[in-house]
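Once you scroll down, you'll see the structures, which are given as structure tokens.
The following pair of complexes shares a single chain, subunit A, combined with subunit B in the former and subunit C in the latter.
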Partner chain A sequence: MLRSCAARLRTCGARPANPGAAWRLFSSEKVVHKDYALPNPSWSKDLRLRFDQFMKKCEDGSWKRIPSHRQNTSPLLQDFQNRFLDPKFMKEEKMSKAQKFTRSFEVGLGFEYVMFFNGAEKRVVCFFQGGPHLQGLPGFVHGGAIATIIDITTGACVNISEGIAMTANLNINYKRPIPLCSVVVLNSQLHKIEGRKHFVSCTVQSNDEKTLHAEAAALFIKLDPDKRLT
Partner chain B sequence: MLRSCAARLRTCGARPANPGAAWRLFSSEKVVHKDYALPNPSWSKDLRLRFDQFMKKCEDGSWKRIPSHRQNTSPLLQDFQNRFLDPKFMKEEKMSKAQKFTRSFEVGLGFEYVMFFNGAEKRVVCFFQGGPHLQGLPGFVHGGAIATIIDITTGACVNISEGIAMTANLNINYKRPIPLCSVVVLNSQLHKIEGRKHFVSCTVQSNDEKTLHAEAAALFIKLDPDKRLT
Partner chain C sequence: MIKRGFQVAARFGHHKPLPRNPQILPRLHLVSAFGSSTDSLVARFCPEKTDFKDYALPNASWCPDMLSLYQEFLEKTKSDSWIKLPSFKSNREHIRGLKLPSGLVVASDKSDQRIFTRCIQDEGQGYEYVIFFHPSKKKSVCLFQPGPYLEGPPGFAHGGSLAAMMDETFSKTAYLAGEGLFTLSLNIRFKNLIPVGSLAVLNIQVEKIEDQKLYMSCITHSRDEQTVYAKSSGVFLQLQLEEESPQEQ
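So, the complex of A and B:
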């Protein structure tokens, strides 16, 4: 069941005619939310070049760009909601304002990123530009923001290929600080599965790949479909 | 030098007459920025009760509330900027928009928290309410947001008592997901120093302390005062 959802997620990356805009299919009245994993004016030349480079790699089907929204639009997350959460909980007022953490900033100020997935190799590559509202020590991206982009990149590696899982352990070695607004490259690899345990590694390098900013190991546990979380 | 900065930081928590508001000392034209570690209308009853409880503990001086701003107002961070960053870098346009990651959200939508420091015990307690823009899986606080609040709580434990240090390792075990908008309690303890290495532990529990949401170990390295970071 979860595998079939993952397959559906992989097919939902179709790009609207006006990319990046929220739009409505009048025939079905279905709202299609803005896809944030597409270039916008805040993207630096480095980030655009990386995007173009990987979009070319997508042409033969070996890589796929992962769309990204503020709300839970993907079948995979809708399925999670239906299976693991009490419907009453989802109707609470606070939930009406809920937005995905990494997409809750104004354009250019927070997490600007695009991820690409290689199904055969179970790899995700993420290009990340950390905006000025992610500051930790003056001039640098916050360690928590780095942990966040590592969490979603390693998480994507598991969720897309194997179905919904939650982070059980995240172990990060911070090597060199990341200057605000620079572009870094995350390379994540699912390398071992033991039952519901999924082991993923990740590196964070500068765009020229000469500086290793961080390296991490993550453990994800696939959810037990018989248990609610609330 | 860094120790003396830490001492200055401990004394800069004076509360303005109109708490929470940005204000100006007309005599010196010095701008005093808004302190976000004070109650606001988004705080739940649980968070307010915890705040009041610990403000009482501050009365005998054993605990101190840690003020929190969007910009680098503390002498400790100004000192960091002067010592470790190239002045040209700080004049770049991007830096004019820089804001502390955990204070860059609108009131109630992101990280609402207050931290208290016990100097004698080298402990920091943080009360944290994760707003709806911190969502990870539907209904729950993002693992990256949890890593962030752990990073700043453990970081405060080192920075306030020992001077500026950067996160070198963060190892988090996620035990139970945190429902959006609930209040959790972080208990952080500096327990070992080896040269420039500072070892800190942290737990994240529900407000009733019955549920352990996460536990973490962090290693911070005090900066070498002879080296610039850019």
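So, the complex of A and C:
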């Protein structure tokens, strides 16, 4: 399956005209397998220290680092495609161009983040550094970019422990704006399950935990295996 | 006569104070407590001449639905007081000559910043959108076409991308309607998935302005209004921008 994905990508890479970085990247087989949730030169010292701190916590197995790829080739997503989506939407062209939303930036310019998952506590911790292309008010991260990283972090909480679920509600209270290129800590917790409904709360704090940037509550609905979405 | 005055101002960025619309709706205030009228905010926001590239213009990636609805609204800018908002690469370009209040200025490298919703510059790959604003009705309509980079579930737009589009449209609406600057809260109920490459229409209405806060509601639906994609509300904090001193520019 991965080999055929790579073959499709190589064909895409041969397409002329678009000089964008995206095409160059897609022509490389390596990109499909690249894990973006690992340190790179754009990571600030704060982000690296947090990464190291939690990698240590992974040693006893209580925490796990969540890998992050641009192409959705995980078995979880393949399962989703096959069971829930109408085949007519699966045009090969769209599939081959598809990129995971937050990983389509050049290094350091967009979302730099890594997530760790604690199975026993049903918690996900995300360390996030927002780059200059996530601007809202000059010098600060866009409210929509913050909503995105909250959605991803709370979603991971449910997807990993309970299976594929879709965001039904997202409720965010913004307290203090987040400066671009600073590191923030997202702590999300799955705290209630009612049938297919999964309630997740999340806080966004500065790296030193002295400033509360935002609080959020999300509701996810686990997909009904007998129903198609489209 | 007054309506025509609005149209003239909207098109040519007239800086003369305009006669106020006598039909003041009970809950809305045309002049916010902060003193800058919507007319002057709009006039400054929509410069007559600018070197900055406007990204809110049709390109080859726009689907037929988006193109035709765009044309419809373009007609309304001539006949019905709607204004097409320009969309620049950075919010710095939008608030040229102004800056955030002193307590909030952050020392940062200004050159490389790009507004989140214009971060992906390849045509049709990320956010394709244009916002139309109606000053007296305090409403906005955003035509949004998510590209493949915004994908979440295969073939559909990520919830976060719609949240960002809502926040962005709320943000521009709040600013022009009453100097709303910071998002205080965002509450989104997702109903249906938006197929990548299709048109989603966001309809935003300012509900009230009270205690230094702007309250807005939004419904996002398909072109034919048969499918509701999401409903949301947003609250923004009013805060006045300051004039930049000549050295800061």
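A few comments on the model shown:
As a convention for this text, the second predicted complex is superposed on the first by the 196 of 230 C-alpha atoms of A that agree within 3 Å, B and C clash if a C-alpha of one lies under 4 Å from a C-alpha of the other, contacts with A are read in each partner's own complex, and residues count from 1 in each chain.
Just so we're on the same page, contacts are C-beta pairs under 8 Å (C-beta built on N, C-alpha and C of every residue); 3 or more make two chains touch, one makes a residue touch a chain.
Keep in mind it's a predicted model, so treat the numbers as computed, not measured.
By the touch criterion stated above, A:I193 is placed in contact with neither subunit B nor subunit C. Of the two partner chains placed by the overlay, subunit B and subunit C both lie in contact with A:P138. Once chain A of one complex is fitted onto chain A of the other, the partner contacts of A:N169 extend to both subunit B and subunit C.
Looking at the shared chain after the overlay, A:C58 reaches neither subunit B nor subunit C.
Of the two partner chains placed around the shared chain by superposition, neither subunit B nor subunit C is touched by A:L49. Common to the subunit B-facing and subunit C-facing surfaces of subunit A are residues 72, 77, 80-81, 85, 89-90, 94-95, 97-102, 104-105, 109-110, 132-140, 142-145, 147-149, 151-152, 166-174, 177, 179-181, 229-230. The touching residues of subunit C, counted against subunit A in their complex, run 90-92, 95, 99-100, 104-106, 108-110, 112-117, 119-122, 125-126, 148-156, 158-161, 163-168, 171, 181-190, 193, 195-197.
The part of subunit A that touches subunit C in the complex is made up of residues 18, 20, 22, 72, 77, 80-81, 85, 89-91, 94-95, 97-102, 104-105, 109-110, 132-145, 147-149, 151-152, 166-174, 177, 179-181, 229-230. Those residues of subunit B that touch subunit A in the complex are listed here as 72, 77, 80-81, 85, 89-90, 94-95, 97-102, 104-105, 109-110, 132-140, 142-145, 147-152, 155, 164, 166-174, 177, 179-181, 229-230.
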